[in-house]
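Quick notes on the structure that follows.
Chains here go by letter, A, B, C and D, matching the order in which they are written, and residues are numbered from 1 within each.
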Amino acid sequence: MFRKILIANRGEIALRINRAAHELGVPTVAIFSEPDRTSLHVRHADEAFCVGPGPAARSYLNVANIISAALICGADAIHPGYGFLAENARFAQICIDHDLAFIGPPPATIASMGDKAEARRKMAEAGVPTTPGSEILRSLADARAAAQRIGYPVLLKATAGGGGKGMRVVDGEDDLPSAFATAQAEAEANFRDGRLYLERLVRKPRHIEVQVLGDRFGTIVHLGERDCSIQKPSHQKLIEEAPAPALSEPIREKLHATALAAARAVGYSNAGTLEFLVDGSEIYFMEMNTRIQVEHPITELIYGVDLVKEQIRIAAGEHLGFAQDDMSPHGYAIECRINAEDPANGFAPSAGTLVDVEFPGGPGVRVDTHIVAGSQIPPYYDSLLAKVVAVGRTRANAIARMERALSETRIEGVPTTIEICRDVLRSEAFRAGGVDVEFLPSRFIAARAVV
Amino acid sequence: MFRKILIANRGEIALRINRAAHELGVPTVAIFSEPDRTSLHVRHADEAFCVGPGPAARSYLNVANIISAALICGADAIHPGYGFLAENARFAQICIDHDLAFIGPPPATIASMGDKAEARRKMAEAGVPTTPGSEILRSLADARAAAQRIGYPVLLKATAGGGGKGMRVVDGEDDLPSAFATAQAEAEANFRDGRLYLERLVRKPRHIEVQVLGDRFGTIVHLGERDCSIQKPSHQKLIEEAPAPALSEPIREKLHATALAAARAVGYSNAGTLEFLVDGSEIYFMEMNTRIQVEHPITELIYGVDLVKEQIRIAAGEHLGFAQDDMSPHGYAIECRINAEDPANGFAPSAGTLVDVEFPGGPGVRVDTHIVAGSQIPPYYDSLLAKVVAVGRTRANAIARMERALSETRIEGVPTTIEICRDVLRSEAFRAGGVDVEFLPSRFIAARAVV
Amino acid sequence: MFEETVEHRLRPIAAAFAESDLVRIRVADDAAEIELRRAVPNARAVAPGSGGEQTNRTYDVITAEVVGVLHFQRPPVEEGYSLDGDRELAQIEALGIRNPVRSRGAGRVACIYVAEGQPVDYGQPLFAIDRS
Amino acid sequence: MFEETVEHRLRPIAAAFAESDLVRIRVADDAAEIELRRAVPNARAVAPGSGGEQTNRTYDVITAEVVGVLHFQRPPVEEGYSLDGDRELAQIEALGIRNPVRSRGAGRVACIYVAEGQPVDYGQPLFAIDRS
């Protein structure tokens, strides 16, 4: 096991990693930016280094200061969490070059899954279904031919992309030239890589992902699926649940088997997630996230596994302590993301001071948060304030418990997503289960249209 | 299901019941004493009635005001929690007389299990092993003869007793007359019932109890055992765990089977607990608690069951939703009671204002509490501030998690039991598992002797 | 309407509240609902003493001692009514028993906070009696 | 010994801290460890201005810009030493690179907060320069 782990992150995930390390008896080192100096993630860690001022580019993305801190304090491993440097293959390689274990898959895996076009090609080779699509497009003519072959509507995507940047829906050939130009420019500006490819657009899919865990000795298991179809108009997840409701067993098994085959094909190690679009009985590989996900707690609750501890153990060279047959889910879990965002104003993030903070407790409720009353929410980072997770024996129990938990949650000082989550939980469609990714945007837009 | 439930309690258990009712969609009514007016249990409930001033005898034990509140607000059920009126057969009967369902077993069951001598006789009849003992003693001569037959040391006990009152250890015949006189006087003063009986004293037993749950149609299941051997010198529980560690499977099965037989013999319905002394391979029935226990969460966590919801469902006339074969434990759970008590001063309870309160979160941790920063701890009631519960796949995981959770717990303003719980968790003997009820007192006295 | 409520009903209760050891007072009728809260209970008990700042009057607030349903004594007292001694003003009915509510001495009925048939809980203000 | 530390070392740092936008300052040596904290960051940045209440002097605190290990320039400056211009006072070694720490102008070295070979993090005070 490691001597000391540096946690290269902030917020709730930094606390999450700190907890896993401490439960394994491993001391921790926090890093922080100046506005985060009094944050809970700093107080919980055994040591802490200030690595820069507020803007992430100068602190949480400051590779030199982070690596220097790790070397100075005698850490022998770095956990990147999610976001920031978590899927940066170059950072992973720099860690290794400085004899610091990177708690995640090898840099080559991160790189190949980070390149969307390459990831699609690798998956297609492994027999994993992907949406019909193209290779890298060398020109507009190339794009036109590919779109013709695939059939409109198509999705133009940046191979280096993420977060919806460099992505355009193209309904017909007339729109292609301008879409191609703007997507290329956006990709160039955001990722310094203007390469694009095309995919067929799947209308109103469900977003279902499968958690995998592999050690360095070739053992790979899946830990079931998560339904992440409740997404904001920006396609960011808001509510997740596991197992996926209203999913036929053959499709569920196909998702699990496909995810395992995909992870094996790339020789995956550590925790990873394969994201799929599900359209009726068709499933399509979307992308692989080579890190811990925000929504990992729902899997932990129903499988009784600590994914972050497993990440650390795997990176420390331990064998997976269980086989596929040992793992079966118990009950249902739901996560609501409580963000400092105003749903009535396009989910605009907000900063400020929290004057009052109360979280739920009692049976079947888990809260992961870094905020307390008096916390300052700096304007620089992700707007996630807390993850409220509820587990129950049945999905109806879990929903009732989540409603109860949210009714006990109080955050004053910034607008939050608490009420919109409650609206979703209350809706007939959500209760029936199996809504698609357009559910929240259409409901949301519809609600605003009425006003 | 009920229309509305009045919760005849305060503190964390009032919140616990409120949560269960709300998850079942049933509105709740809180009662409170004047100093509890701003307490969380009042804020969480849908309605609330002040039933009296601070002293419990005039508020939480004020049967007339409680029943009147229930009738006025249209409640059709009362949940008594633990303590206060929970094991008061007369109160249960008054509820029924006013067409209010009492969420617990029938009054006759409460009465017969509340009379310790009668409970022992009933259990002995059902073939449940009890410590060798006497019937009610009519005189000192009676006591002398019984002690002779049983063999010293013996325990002189009040049949109406509880909480160590009216109880005396008698090492030999010379001590019997004075012990008999004082125990009788104490029992008379505390319970208005001076009747005593004798039991053989079991030295250094473990305290292990079994949870049972029965519906009104004769279905009774057990939900495994809890080891409650970490007790204060006053024999009040401080740390509990489930399953019991270092217990042979035959004894574990004997405990379960005996508890089931005992519960069936008295036609038990609702949630109840059979407490046993375990001495090597011998088990002895101690008493039956005809209510929800403080430490019920550890059972909930490993069985994935909501005991308070089950209590409500059973009282509402529903069938148990599961059979014995459906129920198997997963993992290990530990509870630490965080009390406003000073362990360095004989666990003396303390009142005051809490200036700072932080509770742990993240994976595998459950907190049941009614306190927040700024809470006033009135001097009138139980000193329990919070129950911190940790669950893990293995006992070592659960202990590591509990240590982590307690390291995140901060309560400033009153002395607490946080540090003594951490001391216990750190000890070799606890980690090995299977300590007896003298562990904490002897360790505690030993530690003070060194100073 | 609201001003009248404040002037007529809130002043005596606020004065009495300041003198009392209550932590919360709720006053509700058709016109308005007013709640006064104190963060820390006042050490002084309800007692004759200095009046409110503007009225210079002394009020006693008669509160409910039991949880139940309020019934006025027949004929019911009205605001402004003068009491020449300790009088039974109402009963609180609980579990079939009518518990008397008395004025605890002479005075003027300055305010009636409750309505016929209203449920009341322990410590709830029922009447303000002007002792001055 | 402790009084001396306070008099000699704490006064300049406290004065500079009051002027700065830092929320925490840690000063440690063999004799003592002192930490100053501010609940809310001061809006004013480190800048020449009014001095401490008692000294009437103006201090600039030079802080670390990178995370690394501090090495003094040879020969090392000492407290009381006068600088006739912008001088390199030390380097912070990080990932094998020595990043210079400069005095940013003339002045007197009023205080040295760090020791040779000490790890420093971003924003950590290194030197107080008396500009008066």
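Note that in this section a contact is a pair of C-beta atoms (placed from the backbone, for glycine too) under 8 Å apart; a residue touches a chain by one contact, two chains touch by 3 or more.
Computed from a prediction, not measured in an experiment: that's the story for all the values here.
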item	value
Touching both chain C and chain D (chains)	none
Euclidean distance of C-alpha centroids - chain A vs chain B, Å	43
Distance between the centres, which are taken as Cα means, of chain D and chain A, whole angstrom	42
Separation of mean Cα positions, chain D and chain B [Å, integer]	59
Overall pattern in which the protein chains touch one another (line/ring/star/complete/other)	line
Interchain contacts, given as pairs of chains that touch	A-B, A-D, B-C
Complex contact set, residues of chain D against chain A	23-24, 41, 66-69, 94-95, 119, 121-124
Complex contact set, residues of chain B against chain C	34-35, 37-38, 49-53, 59, 64-69, 71-73, 98
Of chain A, residues touching chain B in the complex	15-16, 19-20, 22-25, 44, 297, 300, 304-306, 308, 330-331, 358-359, 361-369, 372-373, 393, 397, 400-401, 403-404, 407-408
